[in-house]
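Below is a structure I'd like to ask you about.
To keep things simple, chains are lettered A, B and C as they appear, and every chain counts its residues starting from 1.
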Amino acid sequence: MSAASSGQVILEAKGLVKRFGGLVAVNQTDFSVREGQMVGVIGPNGAGKSTLFNLLAGAFRPTQGTISVLGHDTTRMSADRVCKLGLARTFQIVRPLRRLTVLENVMVGALVRTNSVHEARKRASAVVERVGLGQYADMPATALSLANLKRMEVARALATRPRILLLDEMMAGLNSAELDNFIALVRTLNQEGLTIVIVEHVIEAVVSLCERITVMSYGQKIAEGPPDQVLADPQVIAAYLGDSADDA
Amino acid sequence: MLTRISAPWWATVALTVLLVLASLFGGTFWAHIAILAFMWAAAASAWNIVGGFAGQTSLGHAAFFGVGAYTSTLLYVHFGISPWLGMLAGMVLGALLATLVGLPTLRLRGTYFSLGTFALGTTMMLVAIQWRDLTKGGEGLSVPFNEGLLNFSFLSKTPYVLIALLFMAISAGVAELIARSKLGYQLAAIRDDQEAARALGIDVTRAKLIAAAISGGLTAMCGTFYAQYIYYINPASVFGSNTSFQPLLLTIIGGIGTVYGPLLGALTIVPLTQLILGSLGGEAAGLHTLVFGVALVVIVLFAPAGLGQAAANVRSLLASRLMGRGQVKPAQPAEQKGVK
Amino acid sequence: MILVQVVASGLLLGGVYALLAVGLTLIFGVMKLVNFAHGDFLMVAMYIAFVLVTTLGINPYLTIPVTAVVMFFVGAGMHHFFLRHTLDRGHSNQMVLTLGIATVLQSLALMIFSGNFLSLPPSASGFGASVVIGGVHLSTTRVVSFIVASVTTGALLLFMNRTLIGKSMRATSQDTMAAIMMGIPVDRIYLLAMGLGTALVGVAASILIPMFAVYPTLGGDLILLGFVVVVLGGLGNIGGAYVGGLIIGVVEAVSALYFGGVASQAIYFLLFVLLLLVRPQGLFRGEAG
């Protein structure tokens, strides 16, 4: 479990609504995170978790509602400005920059904070080592296994020196050894002070990492609280009935 | 140490040297070939900044080429301003046009962007034909010849060879600087995955616009050179679609997205087509472009990473055969950032 | 009255533009391919029609079956031998390949026929010079071409909507992945789309040759027009391309009336740029984005 945090609220969404044509993906949802927390968002497929994520990261614009990151109103901000403010995210389906090497991928992240390529290379090297990809640094991104691609994606996000990190279904497709490694990495990052929000299907990971879990279903929050409380909630169990998420 | 220079660069440097020597000892025929090759290499390198680095396939770069050619020529004809200054003015205008046009078009998806730029080039040509008061329309403009460095006019071809070579170096040099800089990395990210680039804090529109402005300015520079070498410009020759396609096609043949690619493509194809044109004369009408078209089709089908990568593959294949190594490891795709 | 005359005349020519664009949009819709060689296919077909008429002395409209069939195979052949290999490589690559093929076709035409403008004498069509319909004087060749173009487009629409193959093509156009999973032989659909789209060009060529001259760079001159119409109608939307063609025909004719030759062409290119900025999806939604 991550260290208890009594920090300030650094990410706050109020009354979020997102409509795609006739479909309401997120419906009047509030969401907030304090500095240093590690929280999770779970829910059956189509619950609106990824949409919530994309809204927080600035990839989508909310139909209604407000979002603030580190005290700044980011409701109308584009994803790149949100990133510069200090919120980094990974993608559900990894998005490596295919024609670059691993190191270069991470350098792109590092370049948010510096104009010097030399400086960026140094910082990126350090991050690459940190996540355990040191030996792959000069290989083309396309040569990596899925687990390592996910690591690279985390490294890239870390290189942007975020205060908040959003991890979008990072654990999918990993075998149990890779999963343990990943969980350990994420735990360490949080212990060092990084605020982390995880969207996940792999319940085991969320339970072992998060101090608080938010459950979404059909675009709305149906439960929120410590893991054992949330997972025992009959509404949550009902939402998952028929879903094989707890096989993960 | 020499083995660190990659095969494509070896080829590029070798061709450059050969062309310079040929122009010095081979008479005006070869000088002309060298001049055109270097000029198109410069134009292709400029195009590659937007088309290759940023991955935005522009089909309308003739718009900037023509702006350069007409700006310097008109300033010279009407106000007696030195074509060198006119060139600088043209470059500024080219960069401005690229930014103005880029603002709306760079937001469009690939196909629409390409079609939009294609329309731009054609529109500029039609405007040039229509605006007879300014451009004398389809008749074109003759560029006055007054020999002298300040007038960018020379009797001998040798100064042109050197200037064209200089422009090629400038264009390639700028490309290399960009490739190594923060902008270069940003463009590479944009080219590979725009959304990922945004999530990594890159202001995509701004980066593309900067690339477009630089590309437009450098292309305009080549337009002025053309005017001062050929001494006659008209809408079809400087704004026409051939002028838009040439840098693009040469870059693809050489290796898109690399710094050497546009150079290699121009230095191989331009002399080849000029030789055909020159040796067969009138009978060759169409043959030289046929060779160009066939080369393009062959490259796209069989060596899409360009001649440079093909050369690198051949070299590593030979190297491993000669060394007797058991395993043949193909060379890394040269499109990667950082690999020259 | 002049205006009505001009509009009618433009509308009729628009029918042929429509036919040209319909083939282009079909190919884009099904294969997501921007075919820069489309205009050059028209050029090739017009040369074929020209040669047939001048050597065999037949009526140009009778060449339609020949040009349609020949161009079908040209299109299918281009797909089979060239395009097929680049389908997974991205639009830019394919576009450039078609540019290369376009260059090759133009060069061959130049080498074989030289740069002269070749046209048929007015009597070749076998019709009188003009008809009067509702008090408006219309060139017979234009009327005939409009009818042929419209009937052909109508037939294509019927084919796309009523036959299984046509529906398979539309399915592929909307969602290739889903089509594959439905068991639709997508590679054969592509072949058919290329063939069909190019066959339409063959028809267009036969009806154009009595009215316009053919020359090697004709394709390059017309391709932008083709794209303007395609985007106007919505990429992949056949009905839209037809209407778009008519609109462009009228716009071109009317602006020629008020602004003179070259400006009229500038007008629709400018409209195109505006269109891309304001409504790139076209007047009618493209079937495929």
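Side notes on the structure shown:
By definition in this document, contacts are C-beta pairs under 8 Å (C-beta built on N, C-alpha and C of every residue); 3 or more make two chains touch, one makes a residue touch a chain.
Quick caveat, the model's predicted, so the values are computed rather than measured.
Leaving out chain B only, with every other chain where it is, the touch network divides into A | C. Comparing each chain's Cα centroid with the centroid of every protein Cα atom identifies chain B as the most central. Between chain B and chain C, the centres computed from C-alpha atoms are 32 Å apart. Chain geometry summary: the mean Cα position of chain A and that of chain B are 43 Å apart. Note: centroid distance chain A to chain C, computed from Cα atoms, is 49 Å. Within the complex, the chain A residues that touch chain B are 57, 59, 78-81, 83-84, 88-89, 91, 95-101, 104, 107-109, 111-112, 115-117, 120, 140, 156-157, 160. Residue ranges on chain B touching chain C, taken from their complex, read 55, 57, 104-105, 108-112, 114-116, 118-120, 122-123, 126-127, 129-130, 241, 245, 248-249, 252, 285-287, 289-290, 292-294, 296-297, 300-301, 304.
Listed in rising order, the residues of chain B touching chain A in the complex are 180-182, 185-186, 188-189, 191-193, 195-204, 257, 332-333, 335-338. Put simply, chain C touches chain B in their complex at residues 34, 82, 85-86, 89, 91-93, 95-97, 99-104, 106-111, 114-115, 216, 220, 224, 227-228, 231, 235, 262-263, 265-266, 269-270, 272-273, 276-277, 280.
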